[in-house]
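This report refers to the structure that appears directly beneath it.
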Amino acid sequence: MAKSPRRVAGRRLLLPLLCLFFQGATAILFAIFVRYDQQTDAALWHGGNHSNADNEFYFRYPSFQDVHAMVFVGFGFLMVFLQRYGYSSLGFTFLLGAFALQWATLVQGFLHSFHGGHIHVGMESLINADFCAGAVLISFGAVLGKTGPAQLLLMALLEVALFGLNEFVLLCLLGVRDAGGSMTIHTFGAYFGLVLSRVLYRPHLEKSQHRQGSVYHSDLFAMIGTIFLWIFWPSFNSALTSRGDGQPRTALNTYYSLTASTLSTFALSALVGKDGRLDMVHVQNAALAGGVVVGTASEMMLTPFGALAAGCLAGAISTLGYKFFTPILESKLKIQDTCGVHNLHGMPGVLGALLGALMTGLTTHEAYGDGLQSVFPLIAEGQRSATSQAIYQLFGLSVTLLFASAGGVLGGLLLKLPFLDAPPDSQCYEDQMCWEVPGEHGYEAQEALRVEEPDTEA
Amino acid sequence: MAKSPRRVAGRRLLLPLLCLFFQGATAILFAIFVRYDQQTDAALWHGGNHSNADNEFYFRYPSFQDVHAMVFVGFGFLMVFLQRYGYSSLGFTFLLGAFALQWATLVQGFLHSFHGGHIHVGMESLINADFCAGAVLISFGAVLGKTGPAQLLLMALLEVALFGLNEFVLLCLLGVRDAGGSMTIHTFGAYFGLVLSRVLYRPHLEKSQHRQGSVYHSDLFAMIGTIFLWIFWPSFNSALTSRGDGQPRTALNTYYSLTASTLSTFALSALVGKDGRLDMVHVQNAALAGGVVVGTASEMMLTPFGALAAGCLAGAISTLGYKFFTPILESKLKIQDTCGVHNLHGMPGVLGALLGALMTGLTTHEAYGDGLQSVFPLIAEGQRSATSQAIYQLFGLSVTLLFASAGGVLGGLLLKLPFLDAPPDSQCYEDQMCWEVPGEHGYEAQEALRVEEPDTEA
Amino acid sequence: MAKSPRRVAGRRLLLPLLCLFFQGATAILFAIFVRYDQQTDAALWHGGNHSNADNEFYFRYPSFQDVHAMVFVGFGFLMVFLQRYGYSSLGFTFLLGAFALQWATLVQGFLHSFHGGHIHVGMESLINADFCAGAVLISFGAVLGKTGPAQLLLMALLEVALFGLNEFVLLCLLGVRDAGGSMTIHTFGAYFGLVLSRVLYRPHLEKSQHRQGSVYHSDLFAMIGTIFLWIFWPSFNSALTSRGDGQPRTALNTYYSLTASTLSTFALSALVGKDGRLDMVHVQNAALAGGVVVGTASEMMLTPFGALAAGCLAGAISTLGYKFFTPILESKLKIQDTCGVHNLHGMPGVLGALLGALMTGLTTHEAYGDGLQSVFPLIAEGQRSATSQAIYQLFGLSVTLLFASAGGVLGGLLLKLPFLDAPPDSQCYEDQMCWEVPGEHGYEAQEALRVEEPDTEA
């Protein structure tokens, strides 16, 4: 509890300096490189020959807002389940997310839309940046409660760069399809975070064990996150799929997959629960696995039945993961996975990549007709067979796992830098480390109430 | 408290088996019957001659997402007002809703869009399935806290089938108009639930009375539900009304009606409250009656004034219902209506059906011009006079009340099956029946805190 | 605590009578004056020659729903941070908002769209009414906890009228640009509320000081408000900007500005916090200043860098305002600003107006091309130079400050009317004044638990 004055002074300056330095650096890079794209710039748009209704905005904006809500409301509140870590869960989600959006704009811009010395940003950039922020927040879930904000900012710095690189290799170099990011977002974010958590392994974390669970209200707050993720996931997967049939098909597949993962989660949770009781952790997380598992395949001709089957399987695996695999992960593999991202994003993400490869291999010209061009342009143009595209999909998964693991190791070593002010083992999962905390746990407001009480009794 | 081992074993298997059986059955039926519709299928869409912007998706998707949010966030959190039943309220909303979406897709598909041996699903199917899930959750509100999850799944099984049948009779056979579902959703859902609750009457429910109220925080959670329902209701009523003028008119009428029901709710709540105090129950529920009461009429030329008048009346009746009618309902009619669905959905739903009939009877060619075709095709085509259409509307209300009541009786008898594991009278409104519950009410986390305290004092 | 029976009787009638009178009056005015506009009326729409996709609804509705969510979910929950005032914060937001929407429709209708003896309402009217309700809720933030519902309704009555007038002078008479309302909404709402709070100065407010802070859970509820405001702010600023490039550019600028204000808020909060700790009040509020500061300039060619710079500055100023300026505001200027609206809406609003004037002065034909017409029609048509338009912008700010201050004084005097039942100094920030409050603070539910306990122990 007692801190050296120097350490306190260090912390006082560390976070402000990092924030201001990062903000300053991205602002300078924005000034030099970032410009409005043709849909967003007044002169360029009006120079073109199109009706206002053709603007990308009207095809993407409602989905963008849903994705934005998922990243900040969804991931943010999902992590409020911890009893004394709600400020940090929401606050650091906010901080990491905001930084990731700026930095991802630059990284993705340099790799995807750098023309004539400039990055051109528009609706798609915003959605892509939100996707990247989503991956960062998935990794945050693995190390939640055991890392300080300065560590997390450095994690985001590294992860966004590697995310952009991995995405570039998959989508641009390998021609892999991954509209909803089973690989690029979920698998990458999960294994990056898990490997990082392994490097940061804390053998004496049991000192904070009493804060690692939820309380009644914190579980209700977490359900805000769950439900917003669940309802908006169809927008997440379809935000960048092709206009016309692509967006509704993706949304519809995701919708049905999620209903199935919900049913299988309840079934398995009751089956493995003590006295047949349901477990809130399963409902909060595993019910969402249906969205992850169709991240790659939902834009394909998966069929509504295929969506149900995939969701059902993902919900079951995820629930069993929480029950049986998470404890082993900690005891045997020394991976402390606070939110169970391995169960929600890791395994369902890999499963989603495999499902995507399977659906790709089964692609026929009959099933897609003239729509093949927008889902599998390389097959439609005769450059690849369905089988070879499927092999590329599997190769994309391997590349992702490689990037994520290497990044996690690198990130872990980076975060071990001693001046980054990691919380001690006994102060994990505790908002007081970084926040002024009022009431209920014995602070100002509580004091005031204590002072008041004698008056009432007198 | 003490349970026979056999009962526990039964429960352990009952819910998993039901979930898996239902999921398996719908999956098989999906595999056989459900196909993408022309807007969603790659080959069919690209075979047609249309621009991508014509896809139904761009006219319906934002409204669909709002409806989806209302059903899961809105209805879910609205029921969290009970102090010890938040997990169940949110969890069973999730479970029932997910199952209802799948099952409604099949039932509505067989009745509405079964062509060439297949059900064709697209944006409208998703919205219709959400509407049906909404009706199931209204019924859930009537029996909240007094039923287990297995009972609720069976209720949903029956209710979805009857909902689809009633909807088919009204919209397809009788040619009744009911865009926002004053009859098909609210009246049906409410009276189905109320009659079912009557059949399940518990004379000794006072044993759980101390859990039947709210606590401070649970009321704030419930307000999440209220406000999301309130803001998105314009989308609920307009999600399936005609393109062009139909959607904005419906949304606008609903918007104004809700402002009026809010004002009249506050007025009446303070008027009948102890010492002029406002009651959160009224604000959480009756303020929404304005959305219900224009469910039928909001697509019509109701005029903004008509919307205000209807909303004002609905808010007042609903508030008075909570104050004076709910107690009578329990004491005289033996209907225990946990959420007061009779006040929010029952009476305003019937009132909405009557308002719809009135507006229908007042329809003129002058008021609608060439727009008459899309609101009242049968009148526009000269097959019916306005008066005869109005009589059909009233007949639709009667049919709905009949289906709902018969369904409620049937459902009540079904849910009385002894192996369905209903909670005992003393354990109603209690999450512990079905959930692992941490903290605050004396479980693990609390234990940990107690252990910790001596350390702090030492 | 003891009240005279007459006072209680007065209160019992005051709020109901005000609500019903206001509702009755607006309903009558709606009946006489308000009609559907050409996009919403069946006959008028079908009389025109356009495709359904041209309807304003499809360009504005998704943004409208986001704005609606911001006003009721965002502003509502943001004010739940007070430990014992959650019912009032949410309930009065609801009441004031609903009344403001109706009354603003009339006021703005008379001033902006009164043709042929009628006000014509459609999508834009709904958005404009929501904007006005937003301003009323900003003022509510300044007097939160110190005013009763009857006082607040009268405040809304006056403020909506003056808001409409100020907006009319700026947008219609002076030709000022202010799409996201840095002046018309934020500056106006903040200074109206602050001056009003000054007139209502309570020298003995410390009697309620122990209720003026937050508790752990109330801060989490407030974050619901913060995050929904943050994610949907791009829709707020772009809801009424021009079709085509205008809406995406405005949304994009707002998005980046908010990321920057979030980073600078965290930096400054940690810098000025005790032991380098972060303060939830800053994160809840100052992180949003980026949305306010680009309210005027976001539709202009601000550039992504400009958005970052503006947001960064606004977040920093707002955080420093909470830390250093709010205490002075109370001690020296006798302005008790409950939510710190001066920091979130006042200073960033004025800054936003200045930024707007700067960007206006820098306008060139090259930067906007043919798009100049839709952002600065008077410059495009040659009626004004960029400099003279910039001077008009500054003049608009002065007019706004004048209207707001005069309105605040007038409002303060009005709210001092003794029969309006203001809460006594010792009962401020306390829900019990106006609401039936259960549990946790020693009411019914708590009683029930006490009764139960002996049974358990016996």
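Letters A, B and C mark the chains as written, and numbering starts fresh at 1 in each.
By definition in this document, a contact is a pair of C-beta atoms (placed from the backbone, for glycine too) under 8 Å apart; a residue touches a chain by one contact, two chains touch by 3 or more.
In this text, all values refer to a predicted model and were calculated from it rather than measured experimentally.
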Check your understanding: Counting shared numbers against all numbers at the contact of chain A and chain B, is it over half, same, or under half, different?
Key -> different
**Study point:** Rigid-body rotation angle, chain C and chain B, from Cα fit (steps of 5°)
**Key:** 120
Study note, to complete from the structure: Here the gap between chain A and chain B, centre to centre from mean Cα coordinates and rounded to Å, is 32
Point to revise | Set of chain A residues in contact with two or more other chains | key: 53, 58, 62, 217, 224
Revision key, fill the gap. Listed in rising order, chain B residues that touch chain C in their complex are 53-54, 58-59, 62-63, 66, 83, 209-210, 213-220, 223-224, 227-228, 230-232, 234-235, 243-249, 251-252, 255-256, 258-260, 262-264, 266-268, 270-271, 273-280, 283, 287, 301, 303-305, 308-309, 312, 366-372, 374-375
**Study point:** chain B to chain A touching residues, read off their complex
**Key:** 3, 8, 11-17, 19-20, 22-23, 26-27, 30-31, 34-36, 39-47, 52-53, 55-58, 61-62, 65, 68-69, 72-73, 76-77, 80, 86-87, 90-91, 94-95, 98-99, 101-102, 105, 121-123, 126, 149, 217, 221, 224, 434-441, 444-445, 448-449, 451-452
